[in-house]
Each structure stands twice: as structure tokens, then as C-alpha cells.
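Encoded as C-alpha cells, here's the structure I'll be asking about.
The first chain written gets the first letter, and so on, giving A, B and C; residue counts start at 1 in each chain.
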Amino acid sequence: MTGPWEYEPAPESREVADLKPNYRMFVGGEFVDGGGEPIRTINPATEAVLAEVSSADTGDVDRAVAAARNAFDGTWSKMPGKERAKYLFRIARLIQERGRELAVLETLDNGKPISEARDVDVPTAAAHFFHHAGWADKLDHAGFGANPRPLGVAGQIIPWNFPLLMLAWKIAPALACGNAVVLKPAETTPLTALVFADICAQAGLPAGVVNIVPGAGDIGAALVAHSDVDKVAFTGSTEVGKEIQRTVAGTGKRLTLELGGKAANIVFDDAPLDQAVEGIVNGIFFNQGQVCCAGSRLLVQESVADELLGKLRERVSALRVGDPMDKNTDVGAINSAEQLSRIRELAEVGESEGAQRWSSPCELPERGFFFAPTVFSEVQQSMRIAREEIFGPVLSVLTFRTPEEAVTKANNTPYGLSAGVWSEKGSRILWASQRLRAGVVWANTFNRFDPAAPFGGYRESGFGREGGRAGLEAYLDV
Amino acid sequence: MSDVPGRLAVAKTYKLYIGGKFPRSESGRVFPVRGADGAFLANAAHASRKDVRDAVSAARKAFGGWSGATAHNRGQVLFRIAEVLEGRREQFAAEVSAAEGISHDRSLSAVDTAVDRTVWYAGWTDKLATVLGTTNPVAGPYFSFSVPEPTGVVGVLAPQDSSLLGLVSVLAPVIAAGNTCVLITSAERPLPAITFAEVLATSDVPGGVVNVLTGRAGELGPWLASHADVDALDPTGADQELRGELARSAADTVKRVLSARREPDWTADPGLRRLREFTEIKTVWHPVGT
Amino acid sequence: MADMPFDLDDAVRDDRSLRRFLHGLPGVDQVGLEQRSAGLATRSVKKSAKRWAIDTAISMVDLTTLEGADTPGKVRALCAKARRPDPEHPDAPPVAAVCVYSDLAEVATEDLAGTGVRVASVATAFPSGRAPQAVKIADVEHAVAAGADEIDMVIDRGAFLAGRYGQVHDEIRAVKRACGEAHLKVILETGELATYDDVRRASWLALLAGGDFIKTSTGKVSPAATLPVTHLMLQAVRDWHQVTGDLRGVKPAGGIRSTKDAMKYLVTVREVAGPDWLTADLFRFGASSLLNDLLMQRRTQLQGHYSGPEHVAVD
């Protein structure tokens, strides 16, 4: 062997995904053809068509809501919590049993590295069902008074960045609390939701309790506006979230929103630097940075800025960018051509605004939607790359001199989803954690998720929580 | 009977309450307030959008101190409000009777309930985190906990009918949770609110924590709902149509909007709903290791 | 470490400077380090990359026997194995060194003369390090005189844990002087240091004092080598290189038994310190049973079917 030791390609088997040429929507316990224009979902790593998915039209939304209403009135809301719990346990087990299939399918449809789909998305999705299964028969103890009632039919709209996991975050608490759901997966990533539908069927879940209606934004809008929907839950962009809030305004529907972010990751000069570098890398390059809580603004204390940036560039250069199906890939494909062009556009804006652009010298595949991990230094608070959510593998680095300045800069955004703090000094961490206006603060770690830990935003990052006791409130009439 | 009139009472000039001070409206305008029987009671300051702007700015300025105060301290301040309110029981009963046209006994009862409600919320300040907060048993070597934190600056449209008890019932949870607020009073019955502001001013409530504007919900509400530095809205005093309009406007900055009925039974146990609605749950993670 | 607050000569000026320097090193977050280390351990190494890695790992083995029952015969058997690990497959590379107690160094030296396989001798009252310094130095001098190419010393953990860094430093310096031309590996006995912060400090202390290699363990204390500890020590030599331009090595020892383990270590070397460290000059495995598993896996790779333990020599 000549040159540095390179690992051979280690591709996961595509066969495991059991990919079918056609997928159909799931309404009233049946897989049916929708009236909408079929969606051709592609593999963002190759741009090849994966499958054709029938999509819903507004009549299908009506039928799905009616099926959910029937299921809610007829069986699900009357079923004792301990029985609902067992369905959720079954679903959790089935996700585990079919974990490899789901992980591979997710990677094919989304472009995320197989190691992440396998080690994060799928197990965390199963964990959400396990956790919420246990709540179904303990709602009396959740702190909302005796016998809290479900809301009814929940219309749920999820994004493409964590298709199965976001589905789990939505469906598990809704079902545990006794609601029926109509869920619209993202247009570019409908496949795992439809395999989940099959899991519901395998679990023997009563027909209509879960309905999956693939489609584009118009179908989401129809679901939100539907008069027989009692609750709307949305995860996605702040722009669409505002539109949904406007639609729901004055209708009496309950609403929870989990929207965008521009999280600050603050590194103090006494931080455990090597772990901070890992946290920064995880914070902005996990899932190609397509994470609402991504640590997209690095705020580093001036006295360690050069040292940290040196270590960071070295570490980012070592990231393995490429085929998402390769088990050794760290950074996979951007989910769509549209998203890739938005990332490119904002990166160009960053350059024209005068920030210093540095990108990993990695080679990118010729086909597919890829973007090299990029770090902008000398970013100022006023620049667009410091204010707008890029939703891609692009980090903006700013510096600060005092703790007060760090927190002020961190809070200087309309968003408030997450934040990171790195310091070996306990009192400073607790001080910063209190002062940061963000729903999740990761101290000396980043991007940790757990069904027992509430997640959600302040300000324009949305309202309502997912996970834990607090997350139940979104699906109970309390 | 004598021709000589008795002593003439000194009438109060009702003003706004902004940043701990009692200014006139920036607009210089007033509007006549009449009692339930139609008799003239006083002129109230007619707050303008610029007064809303000033009040929001005062509330924002006060937020850091108030939200950062210890829960014990906030509880003491709220308890002090109850004490001062209790001391002015007769005065409030008279104002409420005049405003709402109810008997003195019913007014007294409303004042008493308002005092008791304030005490109830005073006691919540240092229990909220215990009851709404948790440690999260996450599957990994981390200590994770969640705590409620105040949402920020809350715009409150006070109920139109219940001039004191309703007012206290919407205001107390907002400040007990650590928020600061801008409150638009009942349009027809604003006077008890301004007198209540005097209570606040003499109860160790830091200036700007509560700002009281007399005026019309329909005129001032939209400015509150669209103000980018207001974090949440309690539209209780708005009618159905206005509420929809405000909620739509609030969406521009993703404000939390309380979904509440217009005039609930203010004597009923309020529960935790309003405290929950104006708090955010913050989750903090930290590794556990040596 | 690119912006070291004061230069390294200042760091070792006196006990207080040394303490200030070592305690000024960035802290190590246990969870973060272990998580990153576990993440690297999931790398999948296949086909020719695996074959290359197996041969590289063999060439990095310090084939070790450190038993009270060791005899010249046992050492000679080990030397034979070291020279030609797999006589049926003579293309299998020799190991890096044979590692023995100082009284048996001479046996190994005679046996390995001219083979390229080096002789490493443990010294300094191995494994406890509890002896007067004069005795430790005499131990080293004996080993060097017996022809040892490499000396594996142990630090005084008692002094280190008590914060007497100057004493530990000076002792390493003294041993280094006694080594002459021989390379010095400094065993930190990380299992006794307990915290990663101390492992980092001890690593820098050993590098400052002139150790050519930093080595995790004697193999006599549990836990011996672990991936995260090795990861941390690789960061230390990487950072040392950035500051000084000087290349130093790392040797995990104890508890590494399988090819699968060795692959994880090599991945860690490659991704933490960098490909430059993928050589026996800068990375060693202190192991006894690892070699046989590497040889079995090597045969599996060459023959396309699984091998068994009776097909490779037990020594």
C-alpha cells in the first residue's frame, strides 16, 4: 500500500431496505392510491429515482381526517390507557426489529450517513415509543389533574431532516394521550413514514388511529385548515410556522410549533478544548447541519480563538464526506437540490459580506447533492450568515471577550431553540445556562436527544415541548 | 338645611402607569369614564400606540431584574401587593361598585377574592419550578434537568367586565411566573386598574414590571400583538373577532397567545394554566464524569 | 497548544512552573472523550485496508513476557516467534521488539542480534516503581549494558498523585540520561492515575522530561490500555508535535488481544494523531496474545476461510 492508509469502501447493503417501486398512502388502516400527482422520491446521493409514492389530494385529506375522527370516537379515545400502552410497546418493538431496514431506507431517501440513521434516528425513534407507551396509562400522574382528556384529531406535519424520528416525536405522545393522527411526511422523504404505516398494521393498531398522507405544502395547508382537526403540530421552517399560526388563529385549534434556530455554541477559554472541538463538529456537521438546533454560530473567547480554530480545521479536514451508505461516512448528502442551492447562496453571501471562508479539502462525489463542510471566520453579528438559518454544513465563527458579551451575542437573534456552553467552571456554566434564552442548553456536550427530556424553543423557534412530562401537554385538553 | 355646601372631595386625576411612574398619555387625550349608572366618574388617560411603545420598552427594561430576582423575592413582592390591597379594601369596593354597578357586599367579596388570589399566586413563585420542573432520566451519562422560565414581556388585555378581580386574575400569574407586562385595562371600567397601579407602586414592585394603559383593546391590542418585542399575549379582554385578528398578527413573531374564554368565572380555582402558558421549559444537559 | 503561554523551557524551570503548566492544560471531559473514542471504534475496515492494517499491527507489536516464571528458554522461544511470527507464511513481517525483564535482556540481545527486531527491557523497579532512585538507575544501566535498544520505565505514581511533579520529572530525566542511545518509553500506569486530566498531565510531563514514547500501562494493573486513554495520549503527541516539531510515540499495553481491537487502535492513531504515526517508530502494541490473533486473521484474509488457534504457534 502506498500513501496514507485508506479504509476500503464499506457500503451497507441496499437490499436491506426492501425498496419497492411504488408506495401508497395509508388511510383508515388501508394502503390506498391518493388523488394527488405521484411523487418521485430520489436518492439525494445519486439523484436516481428511488420509488414512486402516491400523494394525497384535498379529498384524501378529508377522508384521512374522517378516518381519524372515526377511530378517535369509536375506539381509541375509549380504550383504557393500559391497552393503548401495549400498542405503543408493540410499535416500539417492531421499529427495533425492522431497524436495519428503516435505517437503510432513511439513508437512501434522506442522504444522511448510514451510521447516523442506524445509531441515532432509528433507536431514538423506538425509544420515543417505549417512553410514551409508559405514559399512556399514567396520565393521571402527569401533573395536569385527574383524567386529562385527549384533544381529538391531530394534524401533524414533519420535515425531511429526521423523517422517522420526527414522526416518532409527533405520533408517540399523540397516541399515548389518546389522540388519533393524520401525519404528512415531507415531500422529499416519505418512505420511512409509509414503512411505519406497515408497522402500525403489523401491530394491529385499530384502523384510522394513524393515517399517513404524503404530499407537498398544499396538503399540509389543507390539513392545518381542516375544520375537523383539533390540534396542529408542525416541525419545520419559521416562515411556514408563522403561516400555520396565522391559519389557526382564532379557530380554537391547539397548536405547537418547532421551528428554526441559529444556535450559539459558546466556548470559554477554560473549556475542555478537544471535546469542544468534537461538540462544535457534531453541532454543525451532524446530519449535514440540517438540524433546527444546529450549533451554527460558534462564539469563541478571543484568547483561545486561534488555537481552537486551528484544531477545528484539522478536525473538519478529517471528516469523511461522501456516500451516505458507506459505514465510514461522517457527512453525507444534502437532502435536495433546492436545499443545496440555498446553502450555496448563503455561503456566497457570507463571502461577499467579507467573512473568511474555509472549506474542508475533501473530495466531493460527482453526482448527488454534496457540500463541503465549511467554516466562516471573522463573522460579524450583523452579517446574514450570523443571523439566518442556513440549514447546512456551514459554521459562522464569532469571538467575544467577556461572559456577558458572549451571552448578549448568543441571545441577539429572534430564534431561541438551543445553545451550547463549554467551560470547566461549574458556576459559569450554570450562569450562562440561566441567561441563555433558548429551550435547550447543552453544556459540555451538544445535540443530545432523549424522549425523557423536553425539547422545544423560545421566541421564533416556536412553542410547546416534545418529550418528557412537559411534552404531554401538547396533546391533552388541559 | 344649610346653604353652605359640605366639604368638596378632591378628585383624583387618573393617569397611566409606565416604568413605575404615572404619566399622562403622550397623546394628551382623555376619555370620560362613567359608572354603571351612567354618572360621570372621571376622565381617564387615552393611551396611544406611542404609550404602548413606551410601556413595552419599560417592560423589557425591567425583565432582566424581575426574571432574575429570586423566586422568594418575587413571592414577597406579590404578598406585599396583597397586603396593600387589603389595606385599601373599602376604597376598591367603592370603585368596583361604581364601575360594575354591583352592591357593596358583592364588591367587597370581589376585592377579598382578589386579595386571596394574589396571596395564592404569591405562594406559587417558589413552587413553580418544583412542580413544572423535572430532572430527566435520560439514557446516557448526563445530568439533564428542565426548569420553567418566564416567557418575557407579556401583553395583557384585561377583562372588560371584572374590573378588579378579573384584572388581578390575569395579572398575578404573569408576574408571579417572572414575566413583565403591559396591560390594557377594561375600556369602560378602567379606574380600579389605575388605583391598583397605585398599590403596585407602593408594594416594592420594581418600576416597569407592570405597566397599565387605559384605553381601548381594539385600538391598542393590535399594536401589542404586532410589537416584535412582546413575547406573549393574553387576549382575554378582546372580543371574538379581535382575538382572531390579534392572534394572526401575533404569528408574525411567533408569540404565545393564550387561548382563553373572554369572561370565565373569576371566582373559580384558576389552576396552573396561566402560569404554564407564560413560562418556557428550558432543558439543560451536562455530562457526568470525572 | 499552538499558543503556549510560555515556552517549554520555562515550564520545567522549577516545581511551581511545572505545576502551573500542567494545570494550565485544557481539561478533558470524560463523557465527550469516551463518546468520540467509541464513535471511531465503529469504523469499518475492509479487504486490502484490513490486510495492510494486520501486517502493520504485527510490525508494531512489542512481544512481551513479564512473568516471575520467565526463563532464558521462554525468552528464546519468544524471540523465535518475534523474528518469524508465521513460519508457514514467511512474508508475515517480524514484530517490532521483544519486551522482557532486565535480567533477561542479554538473552534476547544475543538471540535477536542482526535481525532488526529490537530488544526492549522494562526497568526502574517495574511494575510498581517503588525503589530508591539509585536502584532504578542501576536497573536501567544493567539493561542498557545488556544491549537493550529500548527501556520501558514506570513513573512514580505516588509522587505524581501527591503533586510532586518536579520529582517525577527529574527521575524521568535521570533515567533518560542513563539510557544513552536507548529509546525511552515512559509508562504512566494510567489505571492508577484514574482521571483523564491526570493522564493528560502525566503525558505532557513525560514528554517534557524527554520520553521518546508514552506508554499506558505495565499490564499488571487493571484497567490497562483503553481506547480513550490511548486517544488522549495520541492527542498529547500530536499537540507536542505542533509545538515542537518533534515526533514522539505512543504505546498502549495490556488487554489488547484481538485483531478487532488492534484495528480500532489503528483507526484511532490515523484519525487522532494522523497517518504519520502509523509506523512502529511511533506506535507500538504492548501485547502477548495479540500476535496470534493477528496471525490467524492474516491467514483468514489470505486463505479466504477462518483459521484456528492450533494452526499458529503458541509462543
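A few notes on this one:
By definition in this document, a contact is a pair of C-beta atoms (placed from the backbone, for glycine too) under 8 Å apart; a residue touches a chain by one contact, two chains touch by 3 or more.
Just so we're on the same page, UniProt names per chain: A, B = Aldehyde dehydrogenase family protein.
In this text the structure is predicted, and so the values were computed from the model without any measurement.
Among the pairs B-C and A-C, the greater number of C-beta contacts is found at A-C. With every chain reduced to the mean of its CA atoms, the largest distance from subunit B is reached by C. Each chain gets one centre point, the mean of its Cα atoms, and the points for subunit A and subunit B are 37 Å apart. Rounded to whole angstrom units, the spacing between the C-alpha centres of subunit B and subunit C is 69.
Subunit A and subunit C, compared by their mean Cα positions, are separated by 44 Å. In subunit B, the residues touching two or more other chains are 140, 142, 287. Residue positions of subunit A with contacts to 2 or more other chains are 444-445. Within subunit C, contacts with two or more other chains are made by residues 29, 31-32. Put simply, subunit A touches subunit C in their complex at residues 1, 4-10, 115, 119, 270-275, 278-279, 304, 306-307, 310, 318, 327-328, 424, 444-445.
Across the complex, subunit A is touched by residues 1-3, 26-29, 31-33, 35-36, 42-50, 52-53, 56, 235, 266-267, 270-271, 275, 278 of subunit C. Only residues 140-142, 287-290 of subunit B touch subunit C when the two sit together in their complex. Listed in rising order, the residues of subunit A touching subunit B in the complex are 127, 143, 145, 238, 241-243, 245-246, 248-252, 254, 257, 259, 414, 429, 433-434, 437-445, 448, 450, 452-456, 458-463, 465, 468-470, 473, 478.
Here subunit B touches subunit A in the complex through residues 68, 131-132, 134, 136-140, 142, 144, 146, 151-152, 228, 231, 240, 243-245, 247-248, 250-254, 256-257, 259, 271, 273, 276, 280-287, going by the rule given at the top.
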